[in-house]
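Below you'll find the structures, each written out as structure tokens.
Two complexes follow with chain A in common, the first pairing it with chain B and the second with chain C.
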Partner chain A sequence: MVNQHSIPLYQALLQAYEERFSGSRASEPDAIHKLRQNAFHTFQELGFPTTKVEDWKYTNVIPFLRENYTLSTTPQATATELEQAHQAAAIPGMDCYTLVLHNGQLQPAVDTNQLPAFLKVISIEEAMQEPSFQKHFGKIVDAGKHHFAALNTAMFTGGLFLEIDANSHLDKPLHIIHTYSSADNLFTQPRNLFVVNRSASLSIIESVVAPGNGATVFVNGLTEVAVAENANVQHYTLQTANEQLRNLHHTEVSQKRDSVYSGYTFSLPSAQLLRNNLHINLDDEHTETHLYGLYLANSKQLVDNHTFMNHRFANCESNEVYKGVLLDNAVGVFNGKVYVHQDAQKTNAFQQNNNLLLSPKAVINSKPQLEIFADDVKCSHGTTIGQLSQEAMFYLQSRGIGEDAARAMLVTAFAFDVTENIRIPALEEHINKLITQHIPAKQELVNV
Partner chain B sequence: MMLSIKNLHAEVEDKKILKGINLDIKPGEVHAIMGPNGSGKSTLSAVLAGRENYTVTEGEVLFEDKDLLDMAPEIRAREGLFLAFQYPVEIPGVSNINFLRTALNEIREYKGLPPMEAKEFLRLTKEKQKLVEFDAKLINRSLNEGFSGGEKKRNEILQLAMLDPKLSILDETDSGLDIDALRIVSGGVNKLRNEHNSFVIITHYQRLLEYIVPDFVHVLYDGRIVKSGTKELALELEERGYDWLKESYPATETVH
Partner chain C sequence: MANTVDSNELINEIATKEYEFGFVTDIEMDVAPPGLNEDVIKFISAKKEEPEWLLQWRMRGYKAFMKSEMPTWQNFEMPELDFQAISYYAAPKNKKKYESLDEVDPELLATFAKLGIPLNEQKVLAGVAVDAVFDSISVATTYKEKLKELGIIFCSISEAVQEHPELVQKYLGSVVPHSDNIFASLNTAAFSDGSFVYIPKGVRCPMELSTYFRINTQGTGQFERTLIIADEGSYVSYLEGCTAPMRDENQLHAAVVELIALDNAEIKYSTVQNWYPGDKEGKGGIYNFVTKRGACRGVNSKISWTQVETGSAITWKYPSVILQGDNSSGEFYSVAVTGNRQIADTGTKIYHLGRNTKSRIISKGISAGRSQNSYRGLVHVGAKAENARNFTQCDSLLIGDRCGAHTFPYIETKNNTAMVEHEATTSKIGEDQIFYLNQRGIDSEKAVALIVNGYAKEVLNQLPMEFAVEAQKLLSITLEGSVG
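Moving on, here comes the complex of A and B:
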């Protein structure tokens, strides 16, 4: 049993809550104050999860939490930090709108592209009087159920509010760069709300970077996404942060009738800890959901993807493909839960998780979880764990392709089921390049 | 000499399969290798191409006077050796065209040549595609994935035509081909054939050898070449089978 009080961060959080959030705050509506209070009580009851908690069985966060962290950050990034962020997150050849959040704080626009009037992008603090904020904030995620979601709800600072008007279509992807850097160890909890109104459509690319080599940054982030009737969202997350980052992110989506949500999660080296919770609530009939994931982990990375497809209504379709490539001493976790409620007849739910182990010391824990309470459904899932095919390697080599190039080709090919579904060509090319970059030469594979 | 095999012994998983092969191939020559199932024909081609799990226990192979067995598979290919596989591998997610471009450019780099210009590459691909009547739609698909047997074999010959090797080994490229496909494949090989390059044609059927006329025919039996002759030998084998040869060369004990 872990004594929560033995974790300095836990103490620091209790104290900070008392100082900053326990009384009502002039800047925040009462509803938010109540939400924070309730969530804080939940967190006090739950504490940080140990590996005894089923959802955290393979991911021990406690050691990551034991470092000393400060809880406050400077609101504005330096010019150098911004430049590093742009460099680290650059996607060559991509035409897009760009925003930067530094340690969760929205930075003044440096981008020359003017955002169209139908798209509102403001900090979460500024958004609290917005009708859409009040309608959705804290209502999509159930903070009572999740340790870190409760903590985030109680004590979030910073983050982004984004809203696109009904019937609007964003002509270019919106690239949101989340950059983290700090001179002292930092624990930060940004909170985002994306509202996609009726029949609107857009593509969002969120890059998570931690350039440079500063102190440890632990992020406990949460994003709620409201997808209204007939809206269409492509939501990409690309995590390429350096080693000093530990990133827990909870994304909770609510989909209304006839909407389409496509979530893409790409986790690449070398953040020490990545935990992505992606929960999709199908809150009406006739929705379509695609979840694509690719994790390529090396060194001692721990990359954990937990997805939850919550089929609550009839006639909905979900399709999920996660692929993992594990190198060195990396540990991967995939937990994909599909829950089909009794009323969710005519559900089509498909899930697949394939893993490639390129090192004898790499580990994957894959656990599909189907819970089906309706009788007229089509559901399937599959998990594979394998190595590169020697036959395929030989075939490529026998045509003059060097061993290292052949290996990179096969890994890229393995990822193809995921990457071929990227709808932005520059992004697809970028991801394929990143994959190739991280496939080590034979020498390095052998010397692990 | 293009290829010189001397007393080659090889085994796989401690099973002796090649038991002393001797074969010399000069530039411009076409050699056919025939022999019953399991006699070691594919093993010989795999050993020549450098497949990892086959261990050479004795003998040597010189490819243009260089020690072939010392080279990694990709180096053998870059030096000009090509194996058309009996069973080409399907590789989902690797596009045929990218594969061809990568292979061609790796070989060019080895020879000190710059990567081929995109335009020139397309022209060459089109030309060779016509030569083997390879369906243009297949060129952008994943490598061999879902190809019919005949399409896979034609793809092997397309690769052969693109990479322009010095020595090509065709392992049962004719098996399972209908007569049209056979005509196309052998027509392609005949057009690629010249006084500088050589072919080893592994086949069970004399039919192919009417299209690609060999200079020599060898019979491989129980890991050894037990008879060599000219193209008439193929006819004789077709009529008489292999039993008359088996009788004069009793199988050696296989050690397990």
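Moving on, here comes the complex of A and C:
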């Protein structure tokens, strides 16, 4: 058992809570104050998770927390920082609306004016009087169950509130750039709420970047997504931050009748720690959910994807495909749970996780789970761990394709089950390019 | 204690022995007072005339037990267990419950009839006094002579401690250490008896070894300990349990089974477990908390577990294989059927440590009524386990809308030459399949039995022949009344 008090961050958090959040704040409604208070008590009870906690069995987060972090919010991003962020997150050839959040703070960007009137984008602090905020905030995620979700709920600062009106369709994808950089080690906890009203549809691309070589930034983020009846959301997350980033992100989605949610998570080099919790609650019948994930990790990266499909109602369909490529000393974790409640008859749930181990030191821990309480269901999962097929390599080489090119080709093909489902051509091309770029030449593979 | 005393002599011998440790108690001499403490362990050890090292080992197990806490990770609510209410030593004698078959529960007799069990065996199983010499005892004696010729040792573990202490001391606790888990520690401290098998170098055991014969003469214990050693180039197939419902007064069963396969040796271990599952509300059933583990120590060695689990209120066990030797292989075949309020949390753990190791896991779970059936398994590939290969398939079948089927596989790979595959499905019996069979004049109940047997065939095929036939009938009986 780790003594929580031996972690300086724990002490700092207790102190910061006392100073900043324990009394009611003028800027926040009482309901939020109460929510913070309860969540903080939960966090004090739970503490930071050790590897004894089942959900953190393969991801020891404690060493990442041991450094000294400051908790103060950072000043406005400089023009250089914004420029760097745009560069790092650029997706060539993509036509989109762009927003930037620096260390969780929404930046006044030129683009906001061009957003259509039916789309509201404001900072989470500004949103607290919005009826949709009051209806959904803190009600989708159960902060009582998760260590970091509780901590985020208790002490979040910054983040984004996004709402699209009913029956509206956003013509271009919305590109949200989350950029992190700081001169001192920073612990930051942004909180987002996306509300997609009845019959609305949009595509969101969230890029997580940390350009430059600054100090360590530890992000404990949380996003709640409310998907109303008949709405359709495509939600892409692209993580390409530098080594200095440690990113825990919890996404909790609630889907209403006839809605479609497609979640895409691309974790690429080279943030030190990436942990994505993606929880989908199917809160009514006839919903459709697709989760696609691709993690390609190198150096000493630890990439951990936890998904939870919560089938509460009958006649829902879910489909999940996660592919992993592990290089160097990278450690990959996949934990996918499908939970079918007793009343969720006629559920159709599919889950697949495939992994390629391309280095002798790479590690993969895969834990697919099914918990089924209804009988009239079709549920299955599959996991594989393996290498590139020697025959396929030989075939390509015998056709005059160089070894490195052949390898990159096969890895891209391996990822195809995920990438082919990307609905934005420019993004698909960009991701395929990133995959190829990170597949090392043979020499490097041997020397690890 | 001589090794071939017949059971009556044994009982007399123990019953007439002086009560050594000064318990002031009114109960019979051959039963220790309830509760576990160092005195009780010394008492058990002394009764069995055990050497000092074994007593010390029991004490280490006791200390580990006292330090352990009850695990909380299992997928069911742990019943309250009062370890101090259990009596840890009872002389091995069969208690007779009834005077004649007429007094036995007619439902039980009906089950026997369906399984086709001979009358004499029925009596023994139900706990009826048998006057005549029971057939299988003489059969067992003939077997024993044949085995002796080949140098095979097959006896109770107490006997082995007396006769072959060097083998027991070398291997006992080498696969399941005394501090492995709370129930293994408890077993180490208080194990009553169990089987010991040693197959010498290059010997292929000509017959299936079965506890079934032994149990009738020696009496089974609540804390059984089984140790099987297959020396270089040997082969043995071992059967445990039987298909008939066993009457048993002990609610908690915490057995330990250790298998050791040396170079080129093979052990095949089959279990059919059909202990009392409790009434329809699940009251009074057996808790089957068993630690089973095999070590493939030698090169090219092989261990295979096959289990058919239909009984017990709670079945909680993970027969495991440690693949240490190069080119060794492990297999796990399981059918777990749960009905009413039964709970099964079972599966396997395979550790790939040597090079070119292979493993195969086939698990079929069938849940009916209000039961919960979980598969929990681990496939671990160590950093040095080059070219490890695993295939896992676990399927669940749900019959009725109040039961649950759960799958918790853990796959850990630290070597990039490993090939690991896992797949799991959960579904119910297709209405079209039942309709097809109905239409051919087969009623729904028989249709379900037919489909379930087909579903479990991959596992049942692994059982020795007579066992397989009985197991098929058993599946049908367990699922009776779960349709419609």
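For this structure, a couple of remarks:
In this text, the second predicted complex is superposed on the first by the 445 of 448 C-alpha atoms of A that agree within 3 Å, B and C clash if a C-alpha of one lies under 4 Å from a C-alpha of the other, contacts with A are read in each partner's own complex, and residues count from 1 in each chain.
Just so we're on the same page, a contact is a pair of C-beta atoms (placed from the backbone, for glycine too) under 8 Å apart; a residue touches a chain by one contact, two chains touch by 3 or more.
These numbers were taken from a predicted model, which means no experiment stands behind them.
Under the clash rule set out above, the superposition-derived model of chain A with chain B and chain C shows the two partners fitting side by side. In the superposition on chain A, contact of A:S398 is made with chain B only, not with chain C. By the touch criterion defined above, A:M409 reaches chain B but does not reach chain C.
After overlaying the two complexes on the shared chain, residue contacts for A:D30 are found with neither chain B nor chain C. A count of residues in chain A touched by chain B and by chain C gives the higher number to C. Contact with chain C, but none with chain B, is seen for A:T384 once the two complexes are overlaid on the shared chain.
In the superposed pair of complexes, A:K367 makes contact with chain C only, with no contact to chain B. Shared-chain residue A:D417: touches chain B; no touch with chain C. After superposing the two complexes on chain A, the closest approach between C-alpha atoms of chain B and chain C comes to 15 Å.
For chain A in complex with chain B, the residues that touch the partner chain are 389-392, 394-403, 405-406, 409-410, 412-417. Chain B meets chain A in the complex at residues 49-53, 72-74, 76-78, 82-83, 85, 88-89, 91-94, 99, 102-104, 106-107, 110, 142, 159, 163.
Contact residues of chain C toward chain A in the complex are 73, 381, 396, 398-428.
Only residues 54, 58, 342, 345, 355, 357-387 of chain A touch chain C when the two sit together in their complex.
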